[in-house]
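Going in written order, the chains are labelled A, B and C, and every chain counts its residues from 1.
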Amino acid sequence: MAKGSKVTKGSGDGPNGDNIRLAEVGQALFIKALGVGVVALGLSAVLGMNEKDGWNRFSHSYLVAFVWVMTIGAGALWWITIQNIVNSHWSTVIRRVAELIAANAPVLALLSLPVVLPLIMGNPVMYLWADAELMKKSHELHNKIGYLNTTFFAIRFIVYFGFWTLLSRFFLKRSLGQDKETPEAAAKTVVSMRRLAGPAMIGFAITITFCAIDLIMSLDPKWFSTMFGVYYFASCVQAVNASLALTLMWLQGKGRLTSSVTVHHFHDLGKMVFAFTIFWAYVGFSQFMLLWYANIPEETLWFKLRFANSWGTLSWVLLFGHFVIPFFGLLSRHVKRNRKALAFWCIWQLVMIYIDMYWLVMPTLGFDEVPFALIDVTCWIGVLALFIAGVAYRAKGLDLVAKNDPRLPDSLAFENI
Amino acid sequence: MSDEHKPAVKAGPAPVHGILAEYDTPSQILHAAREVRKAGFTKWDTYTPFAVHGIDDAMGIKMTILPWFTLCAGLIGLATAIVLEWWTNAYDYPWIVSGKPFWSIPANVPIMFELTVLLSAITTLVGMLMLNNLPHPSHPLDQVRRFARVTDDKFFLMIEASDPKFDEVETRALLESTHAHALETVLEDRITEEKMPAGLVYGLIIVAVASVVPFALAAKARYTKSATPRIHLIQDMDSQPKYKAQRENSFFADGHADRPEIDGTVAVGDARDDDKFYKGKDGDTWTRTFPSQIALNDATMERGRQRFGIYCTPCHGQVGVGDGMVAKRADSLAQGTWIPPTNMTQDYLHQMSVGELFNSISNGVRNMPGYAAQIKTEDRWAIIMYVRALQRSRSGSVTDLPPDARASLK
Amino acid sequence: MAISDVNPYEAPPAGANMFARITDNVSRIAETPTPPRAWYIAFGFAQLLLVMFLGSLGWVIWTGIGAWGNMMPVAWGFPIVNFVFWIGIGHAGTLISAVLFLFRQNWRTAINRFAEAMTIFAVVCAGIFPGMHIGRPWMPYYMFPIPNQMDMWPQFRSPLEWDVFAVSTYATVSILFWYMGMIPDFATFRDRATTTVRRVAYGIVAMGWRGSSRQWHVYERAYLILAALATPLVLSVHSVVSFDFATAQLPGWHTTIFPPYFVAGAIFGGFAMVVTLAVPARQFFGLKRIITIRHLELMNKVIMATGLIVGYAYGMEFFVAYYSGNKYEIFTFVNRAFGPYGWAYWTMISCNVLFPQLHWFPKIRTNPWATLLIGMVVNVGMWFERFVIICTSLSRDFLPSSWGYFIPTPIDLMTLGGSFGLFFTLFLLFCRYLPMVAMAEVKAFSPAGHAHGDH
């Protein structure tokens, strides 16, 4: 048994008798989340209609919320892929929860429709390049029409979410199937999941990169950065580790997985949040500093927009809030091993990732000052709530632990120094 | 070596330093450590070939303060980098480089990071050595033969005699109960000298003094003057055997290396004795006719038009009335200091001789600089021919045009 | 008696346990009076290359930089390519020491010592090139902020200055980390020494280490801290090296993905060098039980992963060159593949992207000689990658009237080849006199190293 965790025999059928089914808690969560989501998005729609700008404001607010939720959803898929590639033992006990989050990819696809569907139908309110005529006439843009056109985008959209759906389904199905297998078959399943994870990671890297490029970078079709996919990816990793920690704490609060997931697992999740705080800052700084240094107007205009007026204040908030402060906050191992402190920093970073997405997307709306308003909050709550509802629905009747995985005993006994 | 240098061997057996127990596996040493800790000893230690997992807890070793050293050092490194970069580049000797601000935070970040890490790392290692009392040249355990296997495959536990709970018999019994492979009494070290060897001390003093010498020499070089030139090993092309301007040369009577020009000499191809062509002068007056070298034909006119377009239109405009781009811009800036370029189609310029026009172009007039360096002599005459054409064009009448062109004016 | 004749596991010393076998297996490499014949052959060859190296460097110092092929427009030629190449190789050692330690990958203990040594020697080789290419290598102190008679300071806004600090920091921290790791093993050598010279020499560097657990506690903490410091350091050093190029406005150089791309490439090339050294080392020094096929396989997987990251970066550069619509950027990439340097580009692609894909096949990645071959191929590919980035981008930039074709001089080639001589000389001396494997760490993570029932 891992040191520092209390061993109490429970009445469920998980390890140590832990309760590993969401059951009525899941049902309640589903209904609540669905309700909140529908109301919040309804309110957003009303607010958006009120703006009378052809849904411009609404689309931007919604996109921010959506790409924020996508960092969690796509991040979860990355997380389970990497755990399989490196044959990680410590994370086995929490992998099922991540698989359930990742398997929510179809819901993610549905949630993307308010911004994706108008785009595919040629509405240029948010994505200028949806207007093919404009593209052909523009001196800078006509070269890109081979990539930035609605037909090719539609195909790519299907590829991204189709690939994520298929991959997450594969992992979840195999993992669930493993629950009922003999030890020998279970060991073979581990190998088969690992075998796919290698090539799958290549597919993931390509899809997340181009999805971020299509949805966020192309908002300003004249700007470009080879680092953009990596930048978005850094947020994905941080988001999934923070979300997993919070999800597991919530589950334990509801009496699930109480003794299987220990302070040692939370410590490791905290380490990942910390490490990717640094990685995000490294990627963001590299992207910024290189464009600043060469000072080419074609590239710097994007940053100039984000340094003007209150956008500049937001940029400082991002630097200090997303890097400097959490760096010192998460440095100490005691913080990472303390539930309340870790929860605080995970929530903090998730909020900061939202601010990052806001900072990426909103300036193209064209306001001189940061236009943060109620509609942003309602979109955020709405998309997140519907995403959670999707996960709760998926988790119905499923075990929250891969209880037959041969690496599970190692995971339960895992001790972090 | 004389007897005075040998340490006085004290009479009687050496006092006991402690009791040493030997074990074969990590499990055994952990068990033994727990027992000893339970018994309440404080001056004891275990010795292992590698860091045994769990021994910190078994022995009750508290977390070290080393990370705090690292943190402080890191912050000092960061501060050092910031001060260094700001003071050198933004305060002491600021100079503009590729348009970047003197204090360019994005450009200064990499070095801030590096110095933070450098100081942290050095402090960590030095701190570790200090906290571990290393280097530790001699220890009573060095006299115990079996202890040499501590760096190989054996685990040891020693309780020191200076511990308040130490008792030769009872402590030995306790250790026996932990199933030690072997027990041994360790005696105080009476063989190793307590003082550092004289040779080593002298050596260190010599090294310390010697290391000051380069700095002393540098200080001397910095603050004293010398009549001899600096040592200059790599000559490159620094001292060239040639005469520079204003130097002496005893070969000549006046001692100068510079020699005056000999009257009447002119570089090959530089004899410009055709005053009309080169200066626009006819004797003492400005010439009123073009020099004979200039063929007054279409080709010259075309050349003049082209050259006018390059050199003259920015100020004087396409038709020479003084409405060129530069003039328009200066007008729009309205700073009150601009004198407009001459309108060449004015009457008095119709009257001005071509020689005087040539002089204006070559040497400049009023605010117009001279263009002799930029425009070849032939081209200047061609420009003047074109200027004449412009003047004609502004002062003519419809009858000057050929019949078929008159229709376009209607 | 040569090492390779004795297999310690066939005839272990009487009553030896696993710890003693590990100690014996590793220590006798340095203790045996004559090293294996392979060592002499390799050392002799390294000496030839080293003489060539020193000769080329001496010639350049004597006659000047003109001895190299650097010429406008390719003002940065072989020296910079070699510098980036060697620094990159060094990064694998730090990754194995520090990053794999943080990820609790205990298999690293078999290879981390000589990978760290490889890092130090690679950094030594690397540092010589910028030192030489400043043109007046007798004045390198200008690069440091030392008060001088001109009251001038280095230009901290320049990536080349960041390089000075980054590489110096990296060299220092690597040496500290390597040394600290060797203290317990030096103690082992000291305690096994049969001559006074060895005892005193190893004794001094062992600092009187006696394996006290209270000391191990502080030591382990220091090791963790240094690993945690070395991790961002390894990311930053090659990122700073990439800034040398990415901060410019040159097409083909000015891409934001350069920092992680270079770091991944460095690890890629570095691991390739590690396996290139590991395969002969385990063969000729009898370390097959410590550096096992599993270790080679894991290293090959890292090579594959980093190779794919490098491939991703190639793809991204290419895509964004098209997406940017910038005709100079587009031309640069078309020129790389189909211009006069196309041969270098396709060498790079086949060595870096195509060949390592062979490691998808278990039979190949568990074969030591295939590992060695692919490792060498990757090293060649990574050298060509730097050559392609640096020389092709410079040879054809904005103005066609400025274009030029760079041709290396024999001195360039001799300097490149000779640098391997320095590297291998130092490495072979390391194998001969220093603890090649981190014995204490291998023991700690061996099956016998774990106590049972301690929870």
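Things worth noting here:
The rule we apply is simple: a residue touches a chain if its C-beta (ideal position, glycine included) is under 8 Å from a C-beta of that chain, and two chains touch if they have at least 3 such contacts.
Remember, it's a predicted structure, so these values are computed and weren't measured experimentally.
Viewed as a network of touching protein chains, the structure reduces to a complete graph with every chain in contact with every other. Distance from each chain's C-alpha mean to the overall C-alpha mean is smallest for C. When every pair of chains is scored by its C-beta contact pairs, the maximum goes to B-C. Distance between Cα centroids is largest for the pairing of chain B with A. Between the CA-based centres of chain A and chain B the separation comes to 42 Å, rounded to the whole angstrom. Put simply, the C-alpha centre of chain A and that of chain C have 35 angstrom between them. Between chain B and chain C, the centres computed from C-alpha atoms are 26 Å apart.
Touching of two or more other chains is recorded for residues 98, 100, 107 of chain B.
Counting partner chains per residue, chain A has residues 289, 293 touching two or more of them.
Residue positions of chain C touching 2 or more other chains: 232, 236, 243, 455. Those residues of chain A that touch chain B in the complex are listed here as 285, 288-289, 292-293, 295.
Only residues 16-17, 19-20, 23, 136, 138, 145, 149, 151-159, 161-162, 165-166, 168-169, 172-173, 176-177, 179-180, 184, 187-188, 190-192, 204, 207-222, 225-226, 229-230, 232-233, 236, 240, 243, 439-441, 443-444, 448-455 of chain C touch chain B when the two sit together in their complex. Across the complex, chain A is touched by residues 104, 224, 232, 235-236, 239, 243, 246-249, 254-260, 308, 312-313, 315-317, 320, 322-326, 360, 455 of chain C. On the side of chain B, the complex with chain A involves touching residues 98-100, 106-107, 109. Chain contact summary for the complex, chain A toward chain C: residues 1, 3, 90, 140-144, 147, 198, 202, 205-206, 209, 213, 224-230, 278, 282-283, 286-287, 289-291, 293-294, 296, 298, 417.
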